[in-house]
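Note that subunit A is present in both complexes that follow, paired respectively with subunit B and with subunit C.
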Partner chain A sequence: MIRETYVNALAVAVLLAVPAWAVIADEPFTITLMTRAAIFAVAAIGLNIALGIGGLVSFGHAVFFGLGGYAMGILAHHAQTYTALAEWPILIEGTKSMPVIWLLAVVLSALAALVIGILSLRTSGVYFIMITLAFGQMFFFFAISWAEYGGEDGLSIYVRNGFPGLNTLVPIHFYGLCLTVLFLVLVFAWRLVNSPFGLALNAARQAPIRVETVGLDPVRIKLVAFVISGAITGLAGAMFADLNRFVSPTMFSWQTSGEIMIFIILGGVGRLFGPVVGALVFVALEHWLGGLSDYWHIYLGLLLLLTVLFGRGGLIGMVSGRRAVHD
Partner chain B sequence: MSLILLIEQVLNGLQFGIMLFLMAAGLTLIFGVMGLINLAHGSLYMIGAFCAAAVAGLTGSFVLALIAALAGAAIAGALVELVVIRRLYDKDHLDQVLATFALILIFSEGTRWIFGSFPLFLDVPDYLSGPITLPGGIEYPLYRLTLIIVGLLVALGLYLLISKTRLGVQIRAGENDREMIAALGIDIAKLYTIVFALGAALAGLAGALVGAIQSVQVGMGEPVLILAFVVIVIGGIGSIKGALIGAILVGLTDTLGGIFLPEVMKLFFDPSTATSIGSSVASMAIYILMAAILILRPSGLFGARA
Partner chain C sequence: MTEAVLETRGIYKSFGALRASQDISLDLLEGEIHAIIGPNGAGKSTLIGQICGTLKPDAGSVQLLGRDVTHDPARLRARAGLGRTFQISSLAMEDTVLQNAVLGALGASGNPWRFFSDALSDKDLRNTAQEALLRVGLEDHATSRTAELSHGQRRQLEVAVALTQKPKVLVMDEPMAGMGSEGSKRLTGFLDGLRREAPILLVEHDMDAVFALADRISVLVYGEVIATGTVDEIRADKAVREAYLGEDA
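And now, the complex of A and B:
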């Protein structure tokens, strides 16, 4: 549909134009808001692969978001206190290098997604929703009771981690980096959806028995999708922690899982740009409504409720008038 | 570690489990009959507690407070069912999760708007406060013992309601074949509203009862809601018997794990490490229990085979 392409182009234009304006007008806070939106979009693109295409309603993606965050927090904490992460069997030291941290965040989240996926995919439907929610809580309570890394208070990092060739302390540099990651992840998601694997995943959601009869294992396909999905959300978690220079158990909370879901539903489930549009709208609402009223969650709740009840296909669906991809 | 301490902790676990059962029973009933996953159940728990605290503050009567909790939560439940929830029965689970998540946001912020962010307090009445001596010379708080008894009575009442009354027959029929009972002339929309209000009233009662030993505040419902989810996943979704057994298992695991895991760890580590590892593992114990049960029985202990 042509009009969906226009909406997508508009989203890209906003991502490029607003920060450009903010640099000229010297509004660093706007750049930070846009960075926040870009990172949320990456997290939601991750979830969208499992939820929108694979039909896996994961209510525990905060696990991966939080693991990414803590990967950054723990490594940077050891680097800034000049202590070793582990001395045995080999010496592991902390680091302040973003590429290393991000790689570790991705690997760690993928491993966690593999284990959680193997266990959770034994179930389906409501059981899947609840068991992923429970895994999220498990990590949440573990983070709270882990006094060595701040427990309930979390960890603060004094100086933002570095990326070769950039000064990440300059808001627009860090935004450019996050935006590049967002575009790369978008291209990856687009290639994935249109690949044979993406088609098989789509089919595994719509008709698992047919997928099985042509000789594919739907559970394995979904597991791979869940791992990819978790890894991308984990990357976003590390970026989010970099943005705030702070991690806390809140990143693991079930509200975080719910928020990542909200980005997708506001924008449009299963659409490539759904998470991007949703994250932009969410951050804008958070900023404007949060300024108008302390109780802005009421309005967010109402908007979400109306979107679910009457606006199938999210904002992109409403504008472009195409029925939801998700069924 | 004396025997008396052990018995006290078992009773604490039982009391916690029984209160979880009140939440889980409503959730599992609503899921069994309407096929709806209701995240806003924790908000109904909170509404019950706030109604109780407000009425107790005005009248000073604990009994009136409990009645207010039951009525307030039931009315809120019926209204929510009429306005929002009934539009969700035909939608998929994702929409149900998101719409009821939206309801949580609305209820929590609405309550914060009316009552403020500071916790309210609901006092245990004089005639229920203080310890009672159990056979064997064990001192135990009377109020907690009352909670166990009230919870067990509610469980018995639910059992009688579902197995002996006409409404119970309709509920069981609704779980099995909702088209058929509609075809037999039962007003299915009314039945759904009644079941939802019943589940809400149970949640409200639990909120009020627990509110007297904890503080009454916004967001109090969600931790309990998630535990109630764990309970019904363990017990098997739709099974009230499963909810009771799952609730007691979760209550005991959580309470006893918190006390004994650090002790067990002391056998292997030095005391401070043991305490930190033990409490970390204890905080995850019920989720580990749930994962273990799901590996053995993917649809819970008493769930129908998926």
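And now, the complex of A and C:
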């Protein structure tokens, strides 16, 4: 048995060493895969705050992932076609600046999470899962029918957006940027879990009546967690769109919500590095098993089943033997 | 006459055909322990729910420290100074003992919107929490997971969390339940001193504790208060003996 800290350190080592090797061996595709994993990890850290700590089983996090994606797609689309996003009441133009796009992705996702959260948090359990799923489907079908921005076909962006001081078209530059975001988000999540807010959120999941009895509002605490969670997943959506230089309604689909959830369940629900390990394993399987068979999801399903049945808290729990934060 | 710190005025509550509270009027005075006794199903927990704000009465009102709180949710009553312990422990079981106590202190501080500081190294929160743990004798278990505590220790923690609130009024639902006689005796001694700090509305099945502690006792049967009085009055009350205490009491 290995201690959880070592598993976490191993994940960090993989995130640093594999791309370094890929640069030396001139394997840009490996860097792209690692970037994909890093972005998925960010999305899943977002969901983990709501699901893992707050106990909010959101089956609609694709909404935020997709909103981030479309924030990038729409802004970049207008920039590359030299058209204005809006001319009235004020002129709004597209942009190819990543920081601006990210900011917008975060704000939009946070707003959407606020509205969805206020409505969904009136329910709990299965109803919460269903209502968040319903919101996801609403956005999905809206995107499909939004012909102006590609409808079903989505939007292609020809040149990756720019970040001051970096050439984002060089894979390792873009990876470095995504990795930095991942580390920052990890530090944020770590601080959050141990903060007074995190303590209250943790308790709100386990015993909402207790939180209420000490004079706090468990629903409001969960709502704020949901907003933070959505904002982080939205940021990941914008990064993902930039990685692919493409957005489509798929980003809003329930399969996307499911995949983000799978990262967490694979790695370990409620664990700081659960989303990271889950995303790395997922992308590795997707690449290798996907290369062997079109039906690789069967094996992913098997692994997921084994993890849930015997892992007691995901792969990290399986390896380190330490109990999950909760079961 | 001293002002009542907590008072119910003509509370009614029904669940379908079951009348759980019928015209319940009782009060809690400064410095006293007012015990509520009654057989199972008499409506004690329903009454507590209405006093603490987790249930809404169909009619009647609840006054806390001279204010009508009938329509306030539980958290506002808590903020106003109402501390509560539960019959069935409702603690964050996966958290440590200290974390549960710090949560209480956090609630009392009224500001959970701190996202970056470390909760357990916050001096104010930690001091309040440790002081409360010390008072109930759980200081050596601060780092234990709450799920690993014995039944009686969880009860002590319930009390400690309530104390972190610096409550002005305490409502305790069977704090002795599941405790050994030793623990029960210790808690009795503790509550005895506590009443001067915060008057206690005590729902309890342990008659030794009730008779040792209570300044007044109210007897609840089928949702109605059939008698209120001092320990001696209640012991002597014929209706109470028939309804509840049995002939040998």
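A few notes on this one:
In this text, the second predicted complex is superposed on the first by the 324 of 327 C-alpha atoms of A that agree within 3 Å, B and C clash if a C-alpha of one lies under 4 Å from a C-alpha of the other, contacts with A are read in each partner's own complex, and residues count from 1 in each chain.
Convention: a residue touches a chain if its C-beta (ideal position, glycine included) is under 8 Å from a C-beta of that chain, and two chains touch if they have at least 3 such contacts.
Predicted, not measured: the structure shown is a model, and the values here were computed from it.
With subunit A as the common reference for superposition, the partners subunit B and subunit C occupy compatible, non-clashing space.
Of the two partner chains, subunit C is the only one touched by A:V224; subunit B is not. Between the C-alpha centres of subunit B and subunit C, as viewed from that of subunit A, the superposed structures give an angle of 80°, to the nearest 10.
Contact with neither subunit B nor subunit C is seen for A:A20 once the two complexes are overlaid on the shared chain. Residue contacts after overlaying the shared chain place A:Q137 against subunit B, while subunit C stays out of touching range.
When the two structures are aligned on the shared chain, A:Q206 is found in touch with subunit C, with no touch to subunit B. Comparing subunit B with subunit C, more residues of subunit A are touched by B. In the superposition on chain A, contact of A:G215 is made with subunit C only, not with subunit B. Contacts of A:F197 after superposition on the shared chain: subunit C is touched, whereas subunit B is not.
Looking at the shared chain after the overlay, A:A84 reaches neither subunit B nor subunit C.
Of all C-alpha pairs spanning subunit B and subunit C in the superposed arrangement, the closest lie 13 Å apart.
326 are the residues of subunit A that lie in the contact sets of both subunit B and subunit C, per the superposition on chain A. Interface residues of subunit B facing subunit A in the complex, by the touch rule stated above, are 31, 37, 84, 87-88, 91, 93-95, 97-99, 101-106, 108-110, 112-113, 222, 226, 229-230, 232-233, 237, 276, 279-280, 283-284, 287-288, 290-291, 294-295, 298-300, 306. Residue ranges of subunit C in contact with subunit A, taken from their complex: 52, 54, 73-76, 78-79, 84, 86, 90-95, 99-100, 102-104, 106-108, 110-120, 122, 125, 161, 164-165. Within the complex formed with subunit B, the residues of subunit A that make contact are 51, 57, 59, 119, 122-127, 129-131, 133-135, 137-138, 141-142, 144-148, 254, 258, 261-262, 265, 269, 295-298, 300-302, 304-305, 308-309, 326.
Across the complex, subunit A meets subunit C through its residues 191-192, 194-200, 202-203, 206-207, 209-217, 221, 224, 325-326.
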